[in-house]
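Heads up, there are several structures right after this.
Note that chain A is present in both complexes that follow, paired respectively with chain B and with chain C.
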Partner chain A sequence: MSAAVEIRRLTKTYGHKRALDRVDLQVEEGSIFGFLGPNGAGKTTTLRILTGLARPTKGTVRVLGHDVATADNAVRADIGFLPDVPGFYEWMTAEEFLHFAGGLFGIGRKVLDERTGVLLELAGLTGVTTRIGGYSRGMKQRLGVAQALINAPRLLMLDEPTSALDPMGRKEVLDMLQSLRGRTTVFFSTHILADVERICDTVAILDRGRVVVQAPIDELKARYGAEKVVIEVGEGADELAEAIGRMEWATKVERDTNGTISVTVSDAGVASREVPAMVAARKLPLLRMEAGEMGLEEVFVQLVGGGQQ
Partner chain B sequence: MRWSRAWTVATKDMRETFSTAQLVVPLIIVPLVVVVGYPSLFLLALRLTPGSVEGLQGFLSGFPDSAIPAIPHLTSAGRAAYVAIVYLFAGFFLLVPVMVSTVVAANSFAGEKERRTLEGLLYTPVSDSELVVGKISAAFVPTIVFTWGCFAVYTAIVDLLGIPVVGQLFFPTASWWVLMLLLVPAVSLLVISIVVLISAKARGFQEANAIGGSVILPVIGLVAAQASGLMVLSSGLIAATALLFALVDAALLYLIVRVFKRSRIVSYLP
Partner chain C sequence: MNGFSAFVRKEATEIVRTWRIWVLPGMLLMFALTGPLLAKYTPEIIGAVGGSQAAAILKAIPKPTYLDSYAQWAKNLTQIVLFAVIIIYGGLISGERKSGTAVLVLTKPVSRTAFVVAKALVHSVFLAVAVTVGTLVTWGGTALVFGKAAGGPLWSSAMAWLAFGVLFIAIMTLLSSLLGSQAGAAGIGLGVFALISIAGLWEPLATYSPVGLANAPMVLAAGKESAILWPVVTSLALSCVLVALAAWAFRTKEL
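Right, the complex of A and B next:
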């Protein structure tokens, strides 16, 4: 599988401020790639460089085989892009807007008519004749994604596509992106972990201009989150949690109000043998014990540090 | 450069301009006053109260006899009508395109920034030169069409109301044709190019319009000189002036297309 995006030691500075610091990134063609990071981490700067709108201070950036430093228009012809706060010509209808966007790519009338129909269908806007000014945020965002697909891009880039949407709107946009799987490479930046977890194959986490990790989501969770045991007892949870906390293999113990104890462990095998024995020794009713898995949110907090979200 | 892309940008901008009341209202009111109001009132006043021409003697004396052709039985009122229609109002016909082009060109990039639509445009493969040519065309085409439309209306009004005063068909003169066909497009293109550049750097329409509006000042000087008889422009002189403007236009357009970089505009985006 070839790389749709290849970034090597990318650094971008604005005056004395270092927005990106030796970023390495690789996005495989055909994947849905989540570019995760807190606000101000450098996601938009990276996207602007990928689309040729900003120049790297150092490093190389290749998009679909093109070096963006020398081939920015050629790159833009092959990609679709949706900015974080997309603007729309509110006096146009969705169909007019897609025709305008297609005209900017020099797409012929016949192909454009066909493609407009398909994309309106994909965006759930077929038959909507009202002007864009009257659309909900979700409708606008779906239209934005459709517009970014007008040139049948090999790479679709979206900057925070769901951040301003309500849960229903988010679901609709994510479903739309999900439906593109296998047809085009999707690269989207976000600070919403649940969105990445839901549709992405691979994720990179950016923090203060540096990529702290890049891996397939499952691998990431396995690497950072497999060592967890969740225990639920009918009574005596406080005493059990205290006892577990004294064990060498227990690195972190958390208590829920309903008697659930979450233990981050250094050795899941030892923990799974010793915990039942500790429960039995105290004659506590064991309701549940399972190997837990850290969610992406916990991985993210662990890697980026709490308090930033 | 693909003209179809530049034209896509231009047609969208033109549709947008004429669907925005903030832009259309001044574009209608000012020319209506200048092109219809002033000449109509002036000619009607001369026809209804021929004695009022006495008050214009000072103004008329500023114009050399050579500025007025030999028209049989030309009265004082006819002479006043001729001077006003041919010379006094000529300057206004430079003000109309300058005003129209300033308003439309100021909106080009700055308006898109305000409505947050510019970023989407910059992410397309439309090249920098296609973008700037599209923006300039979007201001140039309506400016010329509008000014020529005003000229047609002005011609109809002054011939309708002026022939009885002057005694024969006298308008448009050769210098007016040169003014309309050469000087107006050349001056408009210069103003538009400057204001489009200002608009690319400005943060909003009002800022671009305020700064761009200052380019109207030299034209006002020209209007005043022409109106006072200080500078009676012959068709040859107008053609030479238009040629000079055209050369400056060519140089400026070449420069703009070379120096215009979208990455610089991006740095002005929020």
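Right, the complex of A and C next:
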């Protein structure tokens, strides 16, 4: 499989501020790639460089096999892009804007009419004849997704596409992105973990300008899932949880109502030896002990949590 | 239709569908309609309200002719309309950067050069159409009010000014590519106008460069001779250079 996006040691500085620091990233063609990070991590800067709106300070960036530094109209013809806050000509209607956007790609009238109809339907804007200036932020965001698809792009790049949407709008956009799987490479940035967990096959987590991790989402959860231990005892769960909480290797202890204790551990090996010993010393019935699966949210917090404090 | 022509069409439609259609054409039409009447009746109005002293002064000056109407038109173009052009076009490029529309356009197959050239081109044509219509109305109005209206002085004056107006669209295209602030670009544009007006006082420079166009419309409108070939040719050539510079400046900008 070839790479739709290939970033090597990308650094971007603004004066003394380093927005991106030696970022390496590879997005396989056909994948749905979630670019996750807290606000200010450098996601928008990366997307601006990928779309040629900004230039790298150092490093190389290749999009669909072309270096973005020399990318011309031919590369842009295969890309769809939605910025975080899309700016429209407010005197146009949604249909006029889609026709205008299609015209910039040189799409013929017949095909453009068909696509405009389909995309207006998709954006829930069929029959809306008011000017874009009167739209809500959600309507603009949905139109933004529609305009990014007008050229049936090989690579669709979206910056926080769901952040301004209500739950129904979010679901519709995510369903739509999911329907593109295998046909178009989707690269989208977000700080909403649930969105990534729901539709992405690969994820990269960016924190303070550096890629903390990049992996297929299942692998990532499994890798960090090993760092969590779930224990179920027949009785004495409260006292056991308290004792575990005092251990050096236990970074977080959570109690469920059914007697289950979830422990996030810094050393799974030590925990697997000491937990049974602690249970035996208290003569408690051990019903279950297993490696738990960590949700993406926990992986995210664990990886970038320190930076947020 | 390629990206350039689609963007040109957008730019032209935007003029018709927004405030732009009202401001410059409205201003020009108002001056064109009132100019001939003001030229004809201003002395009578002053005489009526100014008493015997004003009447004595008015007797000493010649009766207004159609050339006074042309002078009125040329004065409005060189002062008020040019100022309006400078202020309106201070945000020609930066306005689209600020509103975010440039990002949606420039991530599609439209080069930054095409973006800048299309804007300078469409607005130059718009100014040409508006000034031509305004000049036609002035011509007709002058003929009606004065009964005589030779075309030469009026049209040579208006076309000389148009070359100057196009030069200022090019100047504002460059300034709005360089600066994010419309007010800042307009301020510098007015400064450039002041400098050109002062430079125009030096005759060798006025004869062979665009600065000659600062005063030429007034001279031509008065029915006098003014060698404007060099000023017009150099002005149009400089406009092309300025737009090319604007495109280069815009290409180096991060959006």
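Everything that follows uses one rule, which is that the second predicted complex is superposed on the first by the 231 of 309 C-alpha atoms of A that agree within 3 Å, B and C clash if a C-alpha of one lies under 4 Å from a C-alpha of the other, contacts with A are read in each partner's own complex, and residues count from 1 in each chain.
One rule holds for everything that comes next: a residue touches a chain if its C-beta (ideal position, glycine included) is under 8 Å from a C-beta of that chain, and two chains touch if they have at least 3 such contacts.
Just so we're clear, the structure is a prediction, and the values are computed from it rather than from any experiment.
Three-chain overlay on chain A, with chain B and chain C in a clash.
In the superposition on chain A, A:88 makes contact with both chain B and chain C.
In the superposed model, A:276 lies in contact with neither chain B nor chain C. After overlaying the two complexes on the shared chain, residue contacts for A:133 are found with neither chain B nor chain C.
Judged by the touch definition given at the top, the superposed model places A:234 against neither chain B nor chain C.
By the touch criterion defined above, A:117 reaches neither chain B nor chain C. In the superposition on chain A, A:285 makes contact with neither chain B nor chain C. The residues of chain A shared by its contacts with chain B and with chain C are 48, 51, 53-55, 73-74, 76-77, 81, 83, 85-89, 91, 100-101, 103-106, 147.
Listing the residues of chain C that touch chain A in their complex gives 1-3, 5-7, 9-10, 14, 17-18, 99-111, 254-255. Those residues of chain A that touch chain C in the shared complex are 48, 51-55, 72-74, 76-77, 79, 81, 83, 85-89, 91, 100-101, 103-106, 147, 151.
For chain B in complex with chain A, the touching residues are 2, 4-5, 8-9, 12, 15-16, 19, 112, 115-127, 262-263, 266. Interface residues of chain A, counted against chain B in their complex, comprise 48, 51, 53-55, 73-74, 76-77, 81, 83, 85-91, 100-101, 103-106, 147.
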